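Okay, so chain A shows up in both of these, paired with chain B first and chain C after.
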Partner chain A sequence: MSTVPRPAPARTAAAGRGETPRPARAAGPGTGRRVLRRRTYEAVSGYLFVAPAVILFAVMGLYTVGYGFLLSFARWNGFAPHWDWVGLQNYKDLLWQNPAYAPRLHHAAMHTLYVMIAVPLLTVLVSFPLAVLLNSARRMQGLLRSVYFVPYVTSGVAVFFAWQYILQPDGAVNTVLGSLGMGSLSQPQGWLGNPATALPTMIVVTVWGAVPVAMLLYLTGLQSIDRSVLEASQLDGAGWWRTNVSVVWPLVRPITSIVVLLNLRDSLQGFQTFLVMTNGGPGDHTNVLGLEAYRLAFLMDLAPTLGLASALGWLLFAAALVIALINLRVMRSAT
Partner chain B sequence: MTTTPLTPITSRPHRTPAGGGAGPARARRISARVLVGLLLALYGVISVYPFLWMVSAAFKNQFEVVRGGHLVPHHPTFATLSQTWNQLHFFRYFVNSLEVTLLTVVLTLVVYAAAGYAFAVLDFPGRGLLQKMFVALLFVPGVTVMLPIVLLEDKMGILGTHMGLVLPFVNGGAPLSVLLMTGAFATVPKELRESARVDGAGEFHIFTRIYLPLTRPALITVALITAIPTWNEYLLTRVSLNSESTYTLPLGLQTLASENVPHYNDLMAGALIVVIPVVVLFLSLQRYFVNGLVGAVKG
Partner chain C sequence: MHTPRRIPFAPSGRILPASRRIRLAAAAVAGVLALTPLAACGGSSGSGSSTSLTMWTFKQSHVAALKNAAAEFKKQTGISVDVQAYGPDDAYTTKVQAAAKTHDLPDVLEVHSDGEDFALGATGIVRDLSKDVGSDWSGLYQKGVQISGTVTPAHYKESVPSDSKSHGVKEGQRFSVPLTSGTFGIVMGNKKTLAAAGITKPPASYEEWLADLKATTSKDPKNGGVSLGLKVKATGLTWALQPLAFAELGKEKFQALWGKDASADFSSPDGQKVLADYAKMQPYWMPGTQTLDIDTADQAFAQGKSAWDIGGTFTLAFLQQNGMNPDDVMAFGFPGPQGGTVPKPALAPLALTGLAVSSTSAHPDNALKWMKFLAQPGVASKFAKDATEVPSTELGANAASVMGATLADMTQAFVGTPENTYDPNVADFRPPGYDQDSMAEILADLTPLKQKGVAATGKDMAKLNGNFWATADK
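On to the complex of A and B.
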């Protein structure tokens, strides 16, 4: 905001941007000053309009991010008056050095990796065919779309408790399997109690929650495809299956990459479902990285793990950034 | 997206390739449609399945709920819901949730409508940089900033208060809200602003009298996609609030669930109390919701 006392460069700048170029020169310096005053007024208004957002961002965003970054290089239990600076020790402890943290983290990282592979894949495999079928339905399309959106609308703590309820040993899922004659598949310890089924079950619940948005995105994509393209493919003798696999699927590839990115990010960072439904159990079989960071930050009482929690948070941030960059590259090459 | 009938993209051959023999071809087409209908219905059941059991358990008494097995209660009762609402303090939690959610929504609308207006309409040095800064916030994982937020609020003395939840919630919704509002304001024709300026209207006047009324759908969308996650928020709430009188609904549920032997009828009644307002909100404003989600993801 140093433009006030210097009219000449500001005028050329205005002319350069193509705003009122000729009148400014024709009417002499008086109009130039008016243009300048107008631009100053606009800039001041601009700053006033963004001020609340920027102030909030500075306190809740920038300050906390910087604070967390510094804390990741220190050891602290939250109560002691001083931080002990430990340099990169927190990162080393987490990644390989400390036997109390590193093996747990590796374990959680493997679970997170499973989730990051399975959730995007299954979400695409369910939601694309679902969108194609829904798009071909002539009646009840609106109703079905609302019904398919129930998992999204009800998502949150409440519905995870409902899942917990039906996945119990004597819960509805086991009952249904029994009445369908598939009682051998039912889980007497409950689906979340058996270490072998707990993580796959959590993946299914996560996919169930992710399908609505993915399906909706595919549906809008399908509806924007030019009909003549599909008619041409049918005239060439392609059936329903061939049309969808060879024509429609490549056309919605940008949507697939959005769906995959969204779910990769959520699988990497999200842990609310896990915290509510299993809290990492049984025996850490469903522990994931986000949950581990949450535990180090808030559930360790007086142990000096706050620096470790911050370090883990920044490792997650770095991983999220890598995913975003890869995705950007993929999107660029696709378009 | 509107609710107009959508063009089906499956093959709908007007002429069967064989010409004659409409009988078997037609039969095949009908059976294909039945199959599609069955698959669609099946996924519909999967979508609502946990919700159905939530409703079912909420209308069972404590004896019937442990017998399990049957979806439709044999002795449906309102007693469970009314007990959860009254004795288990869900009324209190409901009011708290309402307070936090409304404050968050109102603040979000005020702060980011103004910011979006500045980004979309006004020209000022540093605009691009500021805008990028808000979008960059999208990539910072929530768990990374949660601890510093709690520590900061402890220092400021607002930890454990509802305001201590509202401020980070508002800031957390910044990327999406800025994106949606900037996009909406950019579609308003510049000529409207120019002519208002010629008439001597100030920037605030133009913003409130011209731009806000024209972007009402976007405002509703922002309100919705702020309200629903706030209503359900659990992670920061759980580590912030420490007095039961300030608890929101998700924490009330948590309290019920962490009893030694959870009473699933009470828990599901509580869950139903959490879910019902969201379902009503969604059904009545579905159009804005869908627009917002598609716009947010594509933007």
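On to the complex of A and C.
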């Protein structure tokens, strides 16, 4: 098959906009200058258009990232005129050397690890079946999708306060358990007041906030599966359960990877829910790494611990990077 | 039909097509938008006008009283004061830090005395007032708080380590003048609930109080306990355990609990005794008090969800704000144990909050005028009534009538001798870099969380204290 060369445009671009057509001129030095001028003009206007984004990224992105990285090697309280350079001391202090910080960090790391295991797992376990059910709903699918999405659009400080009230000793959860004759399961100190239930409860609240997006992602994946594949499996005698486990689940594995990755990252770095609902308590039974970084940065009454907070932030970044790479690797090998 | 137009401000006669004009206009707008945030980084602080001031406070209960005083101040001087409240405390601290960075500080800041003011002074956020506050001014305050906000030799010693919060201050500098005084470690009881349980007078000892707690919780297991905002971690340690430990052991042995000597720290018999006494409160906590912050714990008390509340002299104003009549409150200092070294301990009054001038205030003289105005006895009396607070100004014989019966009862806890008075101001016996929140987290595991016994708690507290010393000695 041959390609027919396109004829040169008979009209200038301006003609398309209703301007009087101008005859094409012979190529010469004047034309070259004009082309050059036009290209320069286009290049300049292009740069001008991207300039705001570049400047914002340079100021808000590169500058702050670089600033934060340098800060992790300094001792500073945010206001003193000079930074005291301490080299890698902040990292050493956090990881093992300073007995005032390291044990706290280890404890917070353990809590974070529990959250990182439980939240992605539970989110997948809840959101995938929910998406399968929603996908098979014949009626009111749009309404149900909106209802399931409510936790995501309402998540915020006010909702976390509402959760606090629900979980109090005289809150809705204990009241419902009592009225159902399951009073023995209720928590007299509240679900956030008992060290044994505080962290699991926080995990449940986090999962509640994470399920809507995960479910929507699964729903997108389910709707993109070729129906002929499902029909073929049914013709081969696979039932509902077998189809979902052996056909649908492997096909949505990339989405599972994304859901797991997103939730791992949130579990590793997120702390807002913990700050509002427990402040790491009772005692320090729900302290997590993100919250510890926030505490070191802003809640130490101007103590020179900003460098420690920054170092902890970079450690979290490194951990997130490793997790992302592992996830990428697993995803590649699985698909 | 496309009609070319002249570009405004373009060289004369130059005509560009619409697409170019639109692109150029868009680029110009985008450029302006990009530069806007940068331009916003500039700015000034305080109020620009010479006849107006701005003041920030973290105490919502002070706002109305300060506004009343500001109205009077304007009448007398023509200077208006715009009082703004930001809370809770943590949010206020963050707000001040952010405003200092963006040069948007107000002229006057209300600060926690003898701590936060030094930290702000060390960082240059507030100015040194040592040359502005003479004896005619400081003499207006109660004797115990006249030098509040001043860097004493003890405060200077605490500031020397490079990781100290107040590192950089110099001895003799002054960063605030006191506004309110009082103390924490005040126990409050709901008179009606107590009367229903047969309690009509304050307990004479810790043991009597435990018996009273037993009576109220027996009468009403759900609402008869004691509330304390343990979500703010240090409250249990500083408002309850420390006064109790002082009464149990006396000043020297109390201070030794935070020393380097293992035979006298929290793992020692003395430490174990104090912790064992503190753990006796276990059956009487209000359910879920460990999940409440200070305000919500006080609210619970005001709403009748607890019969007792541990707070400070400043709590009464908040209770009143939440609908509780101060006359319905029985108040007394944290009682000492019968067999203790100081069975009848007193609580030293301390300046709770002070006033500081931001270093970037455009009108520091006006700010100082306003602060001195607030220290006048007549103004302070009105402030005390309006805010239900103990003012730092010496009110003389009128104090009881000005503050009301309950607040006056609270101030009875101040009456004592140097030997039997617990003074939370004195902190130089603790290791530099000491973090009371971490210590309090361990204590919470003893009670109310009941995760550890007395021995394990004492051992862990002593270990953490030793860690602070080890860090300081490095």
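One rule holds for everything that comes next: the second predicted complex is superposed on the first by the 292 of 335 C-alpha atoms of A that agree within 3 Å, B and C clash if a C-alpha of one lies under 4 Å from a C-alpha of the other, contacts with A are read in each partner's own complex, and residues count from 1 in each chain.
The rule is simple: contacts are C-beta pairs under 8 Å (C-beta built on N, C-alpha and C of every residue); 3 or more make two chains touch, one makes a residue touch a chain.
On a predicted model such as this, the values are computed, not experimentally measured, just so you know.
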Q: Return first, second, both or neither, reflecting whether A:78 touches chain B, chain C, both chains, or no partner chain.
A: both
(Q) Residues of chain A touched by chain B versus by chain C: which partner has the larger set? (A) B
(Q) Once chain A of both complexes is superposed, is A:52 in touch with chain B (first), chain C (second), both, or neither? (A) both
Q: Please work out whether A:193 is in contact with chain B alone, chain C alone, both, or neither, and reply first, second, both or neither.
A: second
Q) Is A:32 contacted by the first partner chain B, the second partner chain C, both or neither? A) neither
Q.
Quick check on the superposed pair: does A:284 touch chain B, chain C, both, or neither? Answer first, second, both or neither.
A. second
Q.
Going by the contact rule set out at the top, does A:172 touch chain B (first), chain C (second), both, or neither?
A. first
Q: Please indicate which partner A:132 is in contact with in the superposed arrangement: first for chain B, second for chain C, both, or neither.
A: first
Q: Kindly classify A:61 by the partners it touches after superposition: chain B alone (first), chain C alone (second), both, or neither?
A: first
Q) Of the partners chain B and chain C, which touch A:99 in the superposed model: first, second, both, neither? A) second
Q. Which parts of chain A are in contact with chain B and also with chain C?
A. 45, 49, 52, 56, 59, 78, 164, 170, 298
Q. Which residues of chain A touch chain B in their complex?
A. 1, 39, 41-47, 49-50, 52-54, 56-57, 59-61, 63-65, 67-68, 71, 78, 126, 130, 132-138, 141-142, 144, 146-151, 153-159, 161-166, 170-172, 175, 208, 211-213, 216-217, 220, 222-223, 225, 227, 230, 234, 237, 239-240, 243, 248, 258, 262, 268-269, 271-272, 275-276, 290, 293-294, 297-298, 306, 309-310, 313-314, 316-317, 320-321, 324
Q) How about chain B: which of its residues touch chain A in the complex? A) 1, 3, 5-11, 13, 17, 36-37, 39-40, 43-44, 46-51, 53-54, 57, 68-69, 71, 110-112, 114-115, 117-119, 122-125, 127, 130, 133-134, 137, 139-152, 167-168, 170-172, 174, 178, 203-204, 207, 228-229, 231-232, 234-235, 239, 249-250, 253-254, 257, 264, 267-268, 270-272, 274-275, 278-279, 282-283, 286, 290, 293-294, 297-298
Q) What residues of chain C sit close enough to touch chain A in their complex? A) 1-2, 17, 19, 23-24, 26-27, 30-31, 33-34, 37-38, 90, 93-94, 97, 100-101, 115-116, 119-120, 122-125, 162-165, 167-168, 230-233, 287-291, 293, 433, 435, 438, 441-442, 444-445, 448-449, 451, 464, 466-468, 470-471
Q: Write out the stretch or stretches of chain A touching chain C in their complex.
A: 14, 17-19, 45, 48-49, 51-52, 55-56, 59, 75, 77-81, 84, 98-100, 103-104, 164, 168-170, 188-190, 192-193, 195, 278-279, 281-285, 298-305
